[in-house]
């Protein structure tokens, strides 16, 4: 059967600061520059979630995009949209909310909800000029 | 030799409905929602065709983009642009014109015209938020 | 007070054909070309709705974008999204659903819901390459 | 002489919350919803600054884009990029940092540096879907 | 009748240098910087041509977009695409090919071909970050 | 450890002509068409540089985007921005400056500066419709 990758775009916005919890504010500033401003800054994150698998011969879908849209809303947007990532998201009280770590977090939240035989890929734009991709 | 992937963007627009020919309108509506409107809806499809292969040392091209542009026009745009996919394209009288199936159809139309040693990849945007990729 | 124009993007997709009800299919084809295909074609319409007025000193808003988003959903998307414009929208059984006429239709549906002192402007992209603007 | 409008794009990102200083957190939440999260959220702001005037017959410029680029950097990016608008920008301790008010703030910072005979216009995208325009 | 502005996007690419014919290369370099490189540099110019007028009640068009597309091809693309503006376009042997001056040139070439009662507007992107607008 | 691909966008503009040094102008014109105009044409090149590797558990970065941004500026923009590629870049006096060959050139300039264990990928847009990708 033909294997196709289907992709859905979504978005959320959030405040964060780059911050290593075991370092002083001075060391954080030295390593992360203005991205470590203790008062936070923020981004419009643009997200692409891709699922690769065989086309279901009945529906013609790899995965129903409406289902994927609702899954992203429930698992990602509810958790991250209009939030302060460092303060309000448990994982990012411990690990640094870089684009890399946020992409891994999103992948891990979505993976249990995707058919096991299908591959999952997450691309996260922190700005229109910086983005990351994670496939597990 | 260096192996490079070259890509060309194109576009067409068309009407379609998601529809399984062996199901009732009611079952089609239950599965496909408003995408199965019997009066059809439509899209501006944006297409990216990519060909990966070695650079020809004479021309510096993997494939002449003018040749690829004309091939897409002849094989894809002539067949699909400003058409009703369910009514006017033989394949989609039988199979459901989902983005997945349209991408496979485009791949199969282009594949015989691409040098056998080169790889072909088709990415089709049904909307700016939904898209699919097929590599055969 | 400062006068500011606020804008909100939305989208819908639909099937249509360009068609003058008093002309034969032949004359429609001669004037409108492939855009008059009797089996319809379709588009992803991208819509920008703008409202210009004074900033409310209490809220800092010209108009709450959530209210405008919901208004566009109710008045425009419910009426046009995933529809066949010629068949399912009363106005376009009579007038030709060109981008120009659709923009005027959207303007007229929204105008009664916008504060009278504020100006309304509608920009409608029929494709990424063709668009129209109407201010009443 | 021909009058031309020249435009330059720039960007910055920042944290903010919508907040009326004389209201309780409850009233702020009732009016501004999740945009008033006391822990802040943030955006990638995309900015277009336009200057309209006559073409200088010597240079062929209305205004040298390098000069405009540097002016935006000095007056806007230095003040707002990677900042918490409510906490770190004096104006937004008092007025609400809505897109409308930020656009007026940027206009007022740039206006003294633009040739008096020329017109200034500021367009600010808070997200790719919400934006505002201010011309003074 | 309703007055609507219709817009069509097109593109061309060209080489140029910013250059005042009465100045030395040194003075040109002092004023225009690297944009005056005597060996030329170049751009992908993106063009938006807009025509504002009343909707024709027969066709529903302000202007047939196919006619406008062909007019842009004939008058603008044939003259400028894949050209060295300073060397191969008569006007730019004399005046400096800044974005401002190229927009005026395009306006002047198109104006005689647009219905006199309609307004013409030209927007020219020299880069995705720099653009100009001219309305005559 | 999680392996993530991080990407950074940059841009430069340049003049070039497609040209095989051992062919006559006539043969160059026959093979490359208007792209071989002896007076040159030009492009706004948009560049995406991607680095794939493990996330550093201290910083949360695969690679600091500020470092990557500065590296692209030093190695690519300084060499190519506002240049005539055929005349001013040693490599392209000998090999043809097609998008394919420019991507390989950029890859080769960046590769020694990227941690050996990490993978490098270069995507180069010659126009918004033509682009190439090279991974070594």
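Letters are used for the chains, namely A, B, C, D, E and F, taken in the order the chains are written, and counting of residues starts over at 1 for each.
We adopt the following convention: contacts are C-beta pairs under 8 Å (C-beta built on N, C-alpha and C of every residue); 3 or more make two chains touch, one makes a residue touch a chain.
Keep in mind that this is a model prediction, so the values were computed, not measured.
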Exercise for the section: Name, by label, each chain that touches both members of the pair subunit A and subunit D. Expected result: none
Fill in the blank from the handout: With centres defined as the mean of Cα atoms, the chain at greatest distance from subunit F is chain C
Exercise for the section: For the pairs E-F and A-F, output the one whose chains share more C-beta pairs in contact. Expected result: E-F
Practice task
Could you grab the centroid distance between subunit D and subunit F? Build each centroid from C-alpha atoms only and quote it in angstrom.
Solution key: 33
Problem - Cα-centroid distance, subunit C relative to subunit E, in whole angstrom - result: 28
Handout entry: Residue list for subunit D, restricted to those that touch at least two other chains
Key = 128
Exercise for the section: By the touch definition up top, name every chain pair that qualifies. Expected result: A-B, A-D, A-F, B-C, B-F, C-D, C-E, D-E, E-F
Handout entry: Residue ranges of subunit C touching subunit D (in the complex, touch as defined)
Key = 2-10, 50, 55, 58-62, 65-66
Fill in the blank from the handout: In the complex, the residues of subunit A that touch subunit D are 11, 13-16, 34-35, 37, 39-44, 46, 81-84, 87-88, 127-128
Practice task
Quick one: which bits of subunit B touch subunit A in the complex? Just the residue numbers, please.
Solution key: 18, 20, 31-33, 95-101, 103-104, 128-134, 136
